[in-house]
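Labels for the chains are A, B, C, D, E and F, by order of writing; each one numbers its residues from 1.
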Amino acid sequence: MTTVIPFGPQHPVLPEPVSLKLELDNDVVIGALPSLGYVHRGLEKFIDTKDYNQTTYICERICGICSALHGITYTMAVEKLFDVEIPERAMYIRVIVGELNRVHSHLLWLGLFADGFGFESLFYECWKYREAVLDVLEKITGNRVIHSISKVGGASKDLTKEHIDLILKMLDTVESQVKDLEKVFINNYTVKQRTVGLATMSKQLAYEAGTVGPTLRGSGVHSDLREEADWDIYKDLGFKAVVEKDGDCYSRTKVRVFELYESIKLIRNAISKLPNGEIATPIKGSPTGEAIMRTEQPRGEVVYYVKGNGTKNLERLKIRTPTFANIPSLLLTLPGIKLADVPIVVLTIDPCISCTER
Amino acid sequence: MTLAKSPWIIHVNVNSCNGCDIEVVACLTPLYDAERFGVLNIGTPKQADIMVVTGSVNYKNVNVLKNLYNQVPDPKVVLAVGACASTGGIFHDCYNVIGGVDQVIPVDAYVPGCCPRPEAILDGVVAALSILENKKKGNVKGKEVKMKGNEVPSNA
Amino acid sequence: MLKNTIDAIEMKSSADVLKAVQDAKNDGYRYATMICLKKDDGHELIYVLDKDYKLKNLRYFVKPGEKPKSVSGIYLCALLIENEYQDLFGLTFEGLAIDYKGHLYLTPNSPKTPLA
Amino acid sequence: MGMLNLIIANVSKKPATRLYPFEIRAPFKEFKGRIIFDPANCIYCGICQKKCPPDAIKVTKAEKTWELNVFRCIMCTECVGGCPKDCITISNERPKTGAKEYIKNVAPATPK
Amino acid sequence: MNSFDILKIVLVLIGAPILGCLIAGIDRKLTARLQGRVGPPLLQPYYDVVKLFKKDNMIVHPAQNFYVVIYVVFVILSLLMLVFGMDMLMIIFVYTISSVALIVGGMSTGSPYARVGSSREIMAILSYEPILILYALAIYLLTGTFKLSALSTLSSPLLAYIPLIFISMLFVMNIKFKKSPFDYSTSHHAHQELVKGMLTEYSGPGLGGIEIGHFYEYVFLLGLMFMFWSSNIIIGLLLAVIAFLFVIIMDNITARVYWQWMLKVSWSILLIISIANILIVYYFYFKPA
Amino acid sequence: MLDTISLLIIVPVIFSILFVALPKSLYKILAWAFFILGVALSVKLVMDGTGVVPVPESNFAILENIVFVLEVLVILFILAVSLKYKNWPTLGLGIISAAIFGYTYANVHGAEGAAFNIDQFSQIMILIVNIVGTAIILFATGYMDHYEEHRHLNRQKIFYFTMSFFLAAMNGLVMADTLGWLFLFWELTTLCSFVLISYNMDEEGINNGFRALALNLVGGIAFSIGIVLLATNYEISTLSGIGAYAGTNATAMAAVALPVALLCIGGFAKSAQMPFQSWLLGAMVAPTPVSALLHSSTMVNAGAFLVVKLVPAFAGTNLGTAIALFGAFTFVMTSALALSQRNAKRVLAYSTIANLGLIIASAGIGTPLAVAAAIMLILFHAISKALLFLCTGEIEHTIGSRDIEDMSGLINKAPLLTMLISLGMISMLLPPFGVLLTKWVTMEVASSNPIVSIFMILGSALTTVYYVKWLGTILSTTMDKNAVHHQKPETYFPLSFLGLCIVATSILVFSIYDAFIKPQVATMLNIAPSVTGAGGQFSSEIGTFAYALIFIVIALAILIYYATKNMFAPRMSSYYLCGENSLEKDRLMFRNGLCAYDKSSASNIYLQNVFGESKLTTLGYVISILLIVAALAGGVL
């Protein structure tokens, strides 16, 4: 007889409803069957009733955490359909807000991860620092979490001088705070006890399992869409992908910690290079054709497929979100770990169920 | 007044986009520190007083919501946080969305916003406290919410 | 006619798809996703594979009633998206690694095959 | 001992907590709090209804009613930008928590 | 039993939960401050308990609250025995009854989370029980009896003879307070994979009873630390405070570890240093009767 | 008194013949009669008082011949069965035994008389054997039909014959003073054990039977060499003689150390101490009444009994210390081994070995209090273990498994049975029950030897762990109710009776101590342990065991529970299963990812990879053999 327990959907360590049926033997997982659908709303059907513009707001609410990048990716995909160039300033604003979004998302994740292994004070510390980022985002966009920065044709809000000063000031404090956090995440004995060597995925395995983002880079694969051609702006900003070799939870954590510095650097560079000019081009007509747009969200590559048919409403919108790509790897990493590690391993892929199920 | 001094909450995320969730969690973090009011995010319905629900209800989580509601001991208060939980919000006419939380379980207070600010959620919690006291005084029991029945194919 | 389309290699049969996917895997491609569209009475599947930020797309038309073969035997991660299309489009994939039988997202009470 | 330093620093400093509701930080002027509707100029054209992603606004041209389900509004400000008569503005004040709220305006057509 | 003893009993019965409640309150307040928060009012644990007793008594197993009564009663008994300076070995056995009652209570509910939590708590017994008994053994070796009342005959405080056991006992405190890094069987903040572990199915008055038991238990546990310098009340209390601070600070600077890890540490380090201490005591201080 | 002694041997023999002669339908009546007679006879013996009872000259010669014939028969039987089953090790050991027997017969001149020695310890043993033993036989009449039915056996005549005959042998063993006779009874119990272990007549049973036989023969050989040495070198032919001889002074103690050590090794084998432990585990294939009677409460105690009786010969010597270490080591090792076991009978077997180790350790310490503890532990352990084994058997018939994991939710299926077995377990690990009292005494007295006490401390923590695990499992709730209810008086009477015995003996512990143990220790060591029993406390100069206080508090707790129970009207609710309950199906069912239902369950932690048999047994063998060698060396030097 083994232990069979439901793990989720409502479970204190899972901020989001997903369920795993865990089979355990002597506190070690021998089988895990995920159960999805608790956050399935049916967003891809939405385009039937909403026009392509309104769909932006829906895409932002696929998930409240990397909401900015969802909006940006969607609008860029639609812009591909329209085949328009958008002003450079708008691109820079998107990058700045997108990276700010990544900073808050990674801080958020680090906190929840700490909570996952019962390190409450560290969790609080991360979330405390994150508030500064949110304040800045609120000043820029008018909302703490769902930012609506991007609209088809450009950016919806401009960056003022005041904003820029705020950002730079905030970045200085946050950078030093991240240094403090880094010490704990990288050096704390108990944290290392819980993460080093846990749920290791080899480079090959992580790649073939289709993982993306920090999960993939944590296994030593150099893959970050910010280096992709659609995003040549990042090249100007001196972007370097963060890659760690070990493939365990510890190296996935490290990837995220170091990406924080990378994002901070990118924002600073973007601000220093921010061009002047318009923030949006007017868009006329209706989208036609099909396009795939990919960006690197905090959790990894997101794939937007849009197809227009010449009406205001799109014909098909398909979103492959990062967590969707990362979840199958759990089937490979969960068996053989201790029950106590299940939340940690689940959290290291930084799961966002709401985007997985849409 | 003791009930109102120790509100333990269970956070139930049904169909939320995480926007509301992270704000609920943010309420507990140092800047807002809901524990000042005695709030503990207790995690199990059996020990909770306030059920904080985020997101709308869909066909898969409707049972979950009902079960959890039934497992919160009386007196209990349900707080619907966010546009989704209140009315279905932007997703109200998605095919898999039943609607706001009040379609399934009785809701005592609503928090507006998409997503609501932590301050708004704290307001909601504070509003819940007096409701909790009143329910105890009036000995109001939450009705057992019945399952609609077979959520499973017969061949399972 | 559509103005801009994505490059895609047309596939003739489900077996071809399997073979092409296997070849792609051998070439070091990663399974990114699969897109399903309604087309005529059947469905069109676009398999999206990625290598060094370059996409390789395979387009395959599923005739009404046809049961395409699952590629979850080659890329385990394909099982999620294939199950999703079983839910949403009512397709049936043969040989799924874990077959949720149309209950990945939906329960018996939810609307059936909403996107079909 | 990174964490030890952090917690010691925490005790030596004032807590980060803002004592809401006793201590309220003035909302940022940028904050998108709630929709304010001024019926004076409204021509009940229904553009705002069409623009609103969550269908929170209901306008009937015939009866000249304008209704907003505040608890469905997502503060996207599409209606604000869309209204040809600038009847709709967004304020940085939050809607009240508690019972559901509707803004209804069954305007008696007051001809100018 | 004279009237003074009765007074003492009454004092313990009433005073200990008040003290324990304050300890819990200070714990929460202090933890909050360490985390940069304001934290709950000092009397929060009291409010919590009163509230719990006003809640619906929801159970899943008819007998589950019986174990709570056993737990509380025997925690009180062990505290009383400590106050009266009775046989230390006996106190530990009586205390074991209460721990076992809580474990069995958790298992009796049948919830898989509670049962896994209880299994882990059983493993915790394996890590702390030997150290507690070694503590008792040290007292015997030093005084020739297990009776705590004999501690007054010692020329120096206990701490001077058994500093290593004191260190081990600090970790035992950590385990018994169910604080991070050892909060794997149940925790006060339910953010763990087992929900509330052992106590998952307890609610309302049952949980309230357990909380009251915890209050007594805190006093009892800190009383054990007090015994290390019982000759001087101030320093004894100081030791208890040090132990308490140690527990809180450990709680805030560590992640939760596995019970396997704890078992390894307690058997390889704590037990070894305690045994070493015992041997030192045996060879240098023990005078066979 | 001699009448009672002879009756105690003859009555069981008569019953064994009756069981063979009478049809199955009368077994129940027979068993009841046997039980009543057993109680009566043993009480009678206690009433008769103590003293050495010599066998009258007139009968001696004929009895001695009977003994001789029986011994020859025993050896022939061993040789015959090992030949029949081609078991060469046993055959070899049988031949060695025969050789020693031949040597003894030829070279050691026979004793002039024989005697029974009825002291308080024997009285206790007689009470255990005849009351608990007959209760177990009574239980068997309600148990064996079902047992055989499932296994398609029909050997009950042999079963009851052997069981009853065993009681006769056991009675003889604990009363005999003459070493030769003692040895005969000793070998007879070994044979009974062999027959009963191979009762199922399947390969496993027979193999395990032979293993038991072989290991006990090893012990028997050590025993007989010891006897020969004693007889030839010191002219000692009685058990009490050893004590009398050695008790005089330290040089005499040193002189007899080697034969005493050899006798002790015989005792270790019988008590299945560490290098010999495998036979007792193998013996668990026998029907549960056998395990309860032979392999926990009586026969295996014979080894500990012998060691305790020999205390005067080694108290305070190096040999004593070695024995204490050895016993304590077995205690901690087998307790650790028990941790990884899921099979209830194996857990109990290990626990039995562990407790016998504890008894032997206390005997080795050899202070008056320690010896008192040893004797008391034999008593309390016998009662608790008999109850535990019988309950396990009954559980097996109720749920069809002896796997601890399968017992989860037993409280719903068989409440009475669960209460009884819980009582048994609690009595093994928590105060105020007798076993813990004696454990407490042992730990207190062992505290003068830090190594022994450290072993004991670790062992007792491990004991807590494996019992609590089991206890929690049976008291937990699960909902499936596939249990076979049988509520036969023959099974439930003995169970309840033993349960009552546990409570009664624990409450009356001080009276028992005063009446039996104190005088016994006083005669053995010439000093009585200084223990007082005022105020329901068992206090010595080093501590106080306040058992009455705890009984009162338990009563108080029960009172409080019932008083407050209805203050908070309880409301049954569903389980917390992360919200995925299915109430229509089962309270513990939940919906899984495939929209189908699964039952949640929890199993315990067994740590096979730390405390597993494969990990620890070799280590145990090495250390225990080293310790035995040390004991022997200590004996010679």
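Simple rule for what comes next: a residue touches a chain if its C-beta (ideal position, glycine included) is under 8 Å from a C-beta of that chain, and two chains touch if they have at least 3 such contacts.
It should be emphasised that the depicted structure is a prediction, and the values quoted were computed from it without experimental measurement.
Here the chain-to-chain distance from subunit D to subunit F, counted in touching steps, is 2.
When each chain is reduced to the average of its Cα atoms, D sits farthest from subunit F. Between subunit A and subunit D, the centres computed from C-alpha atoms are 27 Å apart.
Computed centre separation for the pair subunit A/subunit E is 43 angstrom, with centres defined by C-alpha atoms.
Remark: subunit D and subunit E have CA centroids separated by 52 Å (rounded to whole angstrom). Work out the mean CA point of subunit A and of subunit C, and you get 25 Å between them. With touch defined as above, residues shared between interfaces to two or more other chains in subunit E number as follows: 32, 34-39, 56-58, 112-113, 115-116, 119-120, 189-191, 195, 200-201, 204, 252-254.
Residues of subunit A in contact with at least two other chains: 3-5, 7, 9-12, 24, 27, 33, 36-37, 40, 42, 45, 57-58, 61, 121-122, 124-125, 128, 143, 146, 188.
Contact with two or more other chains is made by residues 103-108, 114 of subunit C.
Taken pairwise by the contact criterion, the protein chains fit none of the simple patterns, being neither a path, a ring, a star nor fully connected. By the document's touch criterion, interfaces exist between A-B, A-C, A-D, A-E, A-F, B-C, B-D, B-E, B-F, C-F, D-E, E-F. Subunit F contributes residues 593-595 to its touches with subunit C in the complex. Within the complex, the subunit F residues that touch subunit B are 571, 573-574, 576-584, 591, 594-597. Of all residues in subunit A, those touching subunit E in their complex are 3-5, 7, 11-13, 24, 27, 114-122, 124-125, 128, 188-191, 193-194, 338-340, 342-343.
Here subunit B touches subunit C in the complex through residues 58-60, 95-96, 148, 150-153, going by the rule given at the top. Residues 103, 105-111, 114 of subunit C are the ones touching subunit B in the complex.
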